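One chain, chain A, appears in both complexes that follow, with chain B as partner in the first and chain C in the second.
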Partner chain A sequence: MGYVAVTAGEELVERAEQLFESQRVGDTEDVSVDQIDEQLSRLTARAMGEGGLYAPRLAALAVKQAQGDTVEAAFLLRAYRSTLERFDESVTVDPSAMIASRRVSPAFKDVPGGQILGATRDYTQRLLDFDLVGGSPEDPTAEWDLTDEGDPDRLTNVTELLREEGLLHDPDEPDVDDPADTTRESVTHPAERDEVLQELARGETGAVTALGYSTLRGYGRVHPTLAEVRVGELPVRVEHPYTGDDVTVTHTNVTESEAVVPVYEKRDDPQFAFGYGLTFGRNERKAIGMTVLDASIQLESEEAPAENAEFVLDTIDGMDSFGFIEHLKLPHYVTFQSILDRIRAIRERRGLSEDRRVGPDDQSAETPVSGTSDDD
Partner chain B sequence: MTDHATPPDGETPDDEPPDGGAPVPTDSVDAALASLDSDGVAGYNYAYLDEHTKRELRRSMLKAVAIPGHQVPYASRPMPLARGWGTGGIQASLSILGPDDIFKVIDQGADESVNAANIRRLAENTADVSTTTDTTEADLIQSRHRIPEEVLTDEQRLVLQVPITDALRMVDSSDAANRRRHAHKNYGKMWVHLYENVVEYGEIQIASRYPTMVADRYLMDPSPIPRWDVPKLDDADHLTVLAAGREARIYAVPPHTEVEPLAFEDRSFTVERFPGRACHACESTDTYLVEVSEGATESETDTFETRYTCNDSSFCEKRRTNPGIPKDHHLDREGVDWGPELSDVATDDAENATERGGNDE
Partner chain C sequence: MADPHDRADRFELIAACEAETLGRFANDVLADDPPLSVRQEPRPQLVMQQVREPVERRSFNLGEVLVTPAEVTLDGARGFAIVPGKNERAALSGAIVDAAVAGGHETTADIVEALEDIDASRREQRRRAWAESKHTTVDFQTVEGEQ
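Showing the complex of A and B:
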């Protein structure tokens, strides 16, 4: 007790941490941060997207430290991010400035700029490749005959075509000059669309996918047609402190998705509704899930879970849900004692005997509820 | 990021920060990493949070004090602790702790809980405070789900960790709707819930998180303290700050504020009963007890023995060396003015309790 026990508590914490760390170390060769960055980029993409910090190397470190738990890794990134100084805000970038390495537009067979299949496993057979057990470091594209065709064309956004024809409802224009920052200002409902998009962009991949799926499954009205799914590099531009010109300082790898939804916005001028998704790294299912949720939330209904902004935003964040689900492991004996008191009081009131503990003899002592209740 | 034509040096085109100091070297990620691997908390601001954040929290607290029981939104920062594990409490604590303060952290009544130890370690490492387990010595007490047994004074502050900020959440999951109810002081739905409780169970079956009116204006979730602790908030000498990290709300019960748990005239508010029980270690009968089932596994049968023990482990320790000291032993006045009435609890046996239940009808 007292100081001794407190010290013991802290020692326990340290020991548990050491045991956890020893599970990572193991008997095999240490996985390097570079290897995770290069070979497990789907993990780092999830960590960066959910952490709201684009930093592939730090994400790789976080994934390594979290032993592959992406939500934990995202959490490490967020905790680190919150201590960093903010030097500047970047200039709002037009997504069509993306240098796409993959671009799919299911809405039309042919689109301006063409479909770019890019790197994907979408159409391969999901068979375990046992050759990888021994490692296969050879790059299958090494023999490709490539020619440099210069800078890629800027891709015309498919939704632009629909907008020109007036077929697409424009959502409320978010305030791009002074957007809300939900990491610095807590969300209250009803939330603005810029807040919704931020929260969705940082949402947990599984939660975004599941809630997005819920509406396709019938719990909601949105079944979108995707106009764009793109993966590529978006420039990060800042205003030069001396010249005042916009300069590109780096690129971020992002996945973007846009959808049209045949929910006709206005009866007198029927238009498609619109959904948007964007996430750091390569994470197509999250970007599409986000698109579905953005479109659903704009319906402002409480009929389906995915259409209720409050429900979606309250449950979508991995840090929140993971923390609170896992907090159930903390001791709860104070509250449980209080709950025991209530159920015993209620049983007493109904005339059920108080002192029944689990044991073979106790079955006979059970009092039938019906005969003894003094319920009013 | 191997899929695409990322510049080979990854995210390196790190711009030099403009003047104003650079907390972390930014010429390369490796340098940033190298600067951090020495000591876990080196390079962080005093009390972990930056001064701007701490000021924001203090302002939220001031607003909360000015409007007792009203939930004030604040920008809860991601902390190096999991959300739901005391991140609101630690943000509140770190924003008001100073180097001269003595800090006590308890989790479910115990200083030695590993989560309390973890929170205490963060404050020790970053805020340079000294810590104690003695309630009477502490300037600031952060607690999860308990108010200490020893009476707190007007020089002490209590920070309660809050998982769910709104008592109305029991009857409506929508915060937007509940904020409207608070604005209109419209607590009809909660009253109906309590009434239905009585109809269905004969009494109110809310165990902890008992809905409580503050200053006759706002309905408050007092955090999952047991009902036992709720009366301690009424007209207390100390300031109580309730802080939720995950839900990003702060609210407060200032000193000498009226705090009244909701109840009916014919179904009064009752605290947990421990009829005929006493702490097996210090023999207290006027403290919140928890039962511990201890297996007598060394013998051949699988029997269990249930023992009751004080939940406030620090006060129990004191009473063991100094039996029967009152809860206000450290104050210049007499008479325990803290917590439930003694007579209600200590002398009841099981029969009396049943009878009392019956009398309520």
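Showing the complex of A and C:
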């Protein structure tokens, strides 16, 4: 593998970038970062989750700069993040500390704490709302007659309920307080569970969804029942340098998903296996996909793509796939010239004429041209 | 109720405070030109958020959170603040406000009142959001014998 540099007029590259920027500017009113932050939070959620950086306002800026391309926005966030120092690791927080704004349990109808639908269109038809064309400034909740529910309850995780019934095995390993950090050390296989979860949390939404979907379509053995899906705020707590107290700096908006998977053949005592998903922002599709993949990877099999940790972790990162796929459009002149030379040489040896016919005596079997290249 | 005189509570209230409010109080504190030294320049940094997943109860790194910390000494009193996001001015202002209250600056009463208001406002917002969510609580009914 080798790279061959090409040069081009810097001014022309700048012109191309200016033309790209002019397409964002257009003839309409500029979209503010605040508007993107408030009104297009699903985009910023994707950028933050895939970028591995929780920074809502900068994510909105990145989405604006990337003209809505969330992977590009995540790339911008990761590039920015790479220039910063680490202040500290947070105090480890349990997901049960989440202040939930939405929690549904497809598995347990009467889940303690209730089925809180929260803000969702899950149960309504997907029809275009043409009223939005002219703007819709009215808040449909403005006239709600709310009951004072007091301070938010901490909702018990369904896993804990199952564990109380003995349906979920107790952890085999002691708690690991110093998890691996895949932003600092590359994953080696077999990957540890903390590495898997961190990489899945940073995975590209489409890739995580597609690979999770693959097992539901039969390319794997996991077809889970979701124990719960919840959206809410997790505290970010650090140790105060003066007092030593754990103090809350801020909260991150996150999406969490847990799935139960009946695993009868793996253990003597029939219990549930579990899949888990947690990611920055409101991104239920990704959290559920992550849950399916976590459960699949625990099967430690190579029979299906989703059950192969190495395959999954090597393909879900948006920056990696972005880079490799998109680099194909950059100059590959040496590669292509090499391929051309080989094909021409083979054709010449075979006696192929310009009208593409093989000569009558040609019986040679040449090795076909492979897809390898010299500059990528 | 959070107590702005308590260092840990004050840290959380300052972190939740609007940048403009912190800036205004910091300007008031600095109006008489008290001796100020910046021990830690406000600079965006990262906190890695660690979560203990509920299945194996293992910690893992969810992702990094952008914050801006700052630390000062104001007239002999130390002040420290971290604000979420990239906000150097708010972080430095927050550290000055923290030091002012720690050192009993003459603006302390106003600062404490403002921080108490923030606490009340934050609690009210949280209760309102919770009430809105609870307003959507549903009791799913299973329908037996129907296709």
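Following the convention adopted for this analysis, the second predicted complex is superposed on the first by the 319 of 376 C-alpha atoms of A that agree within 3 Å, B and C clash if a C-alpha of one lies under 4 Å from a C-alpha of the other, contacts with A are read in each partner's own complex, and residues count from 1 in each chain.
FYI, contacts are C-beta pairs under 8 Å (C-beta built on N, C-alpha and C of every residue); 3 or more make two chains touch, one makes a residue touch a chain.
Quantities reported herein were computed from a predicted structural model and do not represent experimental measurements.
Judged by the touch definition given at the top, the superposed model places A:229 against neither chain B nor chain C. When the shared chain is aligned, chain C comes close enough to touch A:280, but chain B does not.
Contact with neither chain B nor chain C is seen for A:111 once the two complexes are overlaid on the shared chain. Of the two partner chains, chain C is the only one touched by A:151; chain B is not.
Of the two partner chains placed by the overlay, only chain C lies in contact with A:242; chain B stays clear of it. Of the two partner chains placed around the shared chain by superposition, chain B is the only one that A:189 touches, whereas chain C remains out of contact. When the shared chain is aligned, chain C comes close enough to touch A:49, but chain B does not. In the superposition on chain A, A:84 makes contact with both chain B and chain C. In the superposed model, A:101 lies in contact with both chain B and chain C. Overlap of the chain B and chain C interfaces on chain A comprises residues 54-58, 81, 84-85, 87-88, 99, 101, 118-119, 183, 238, 241, 249-250. Within the complex formed with chain C, the chain A residues making contact are 48-49, 52-58, 81, 84-96, 99-102, 109, 114-119, 141, 144, 146-153, 157, 159-160, 168, 171-173, 175-183, 193-195, 197-198, 201-202, 234, 236, 238, 240-243, 245, 247-250, 252, 254, 258, 274, 276, 278-280.
Residues 1-3, 5-6, 8-10, 12-13, 16, 37-39, 41, 44, 54-58, 61, 75, 78-79, 81-85, 87-88, 99, 101, 118-119, 183-186, 188-190, 231-233, 238, 241, 249-251, 253, 281-282, 310-311, 314, 319-320, 322-327, 330-335, 337-343, 345-346, 348-350, 354-355, 357, 374-376 of chain A touch chain B in their complex. By the touch rule above, chain C contacts chain A in their complex via residues 7-8, 11-12, 15-16, 43-67, 69, 71, 78, 80, 82-86, 123, 126-140, 142. Of all residues in chain B, only 1-7, 10-15, 17-18, 20-24, 29-30, 33, 44-45, 48, 50, 73-80, 82-85, 87, 107-118, 120-121, 131, 133, 144-146, 163, 173-176, 179, 199, 201-203, 205-208, 224-228, 246, 248-249, 270, 272-273, 288-291, 304, 306, 311, 313-314, 316-317, 350, 353-354, 357-358, 361 touch chain A in the complex they form.
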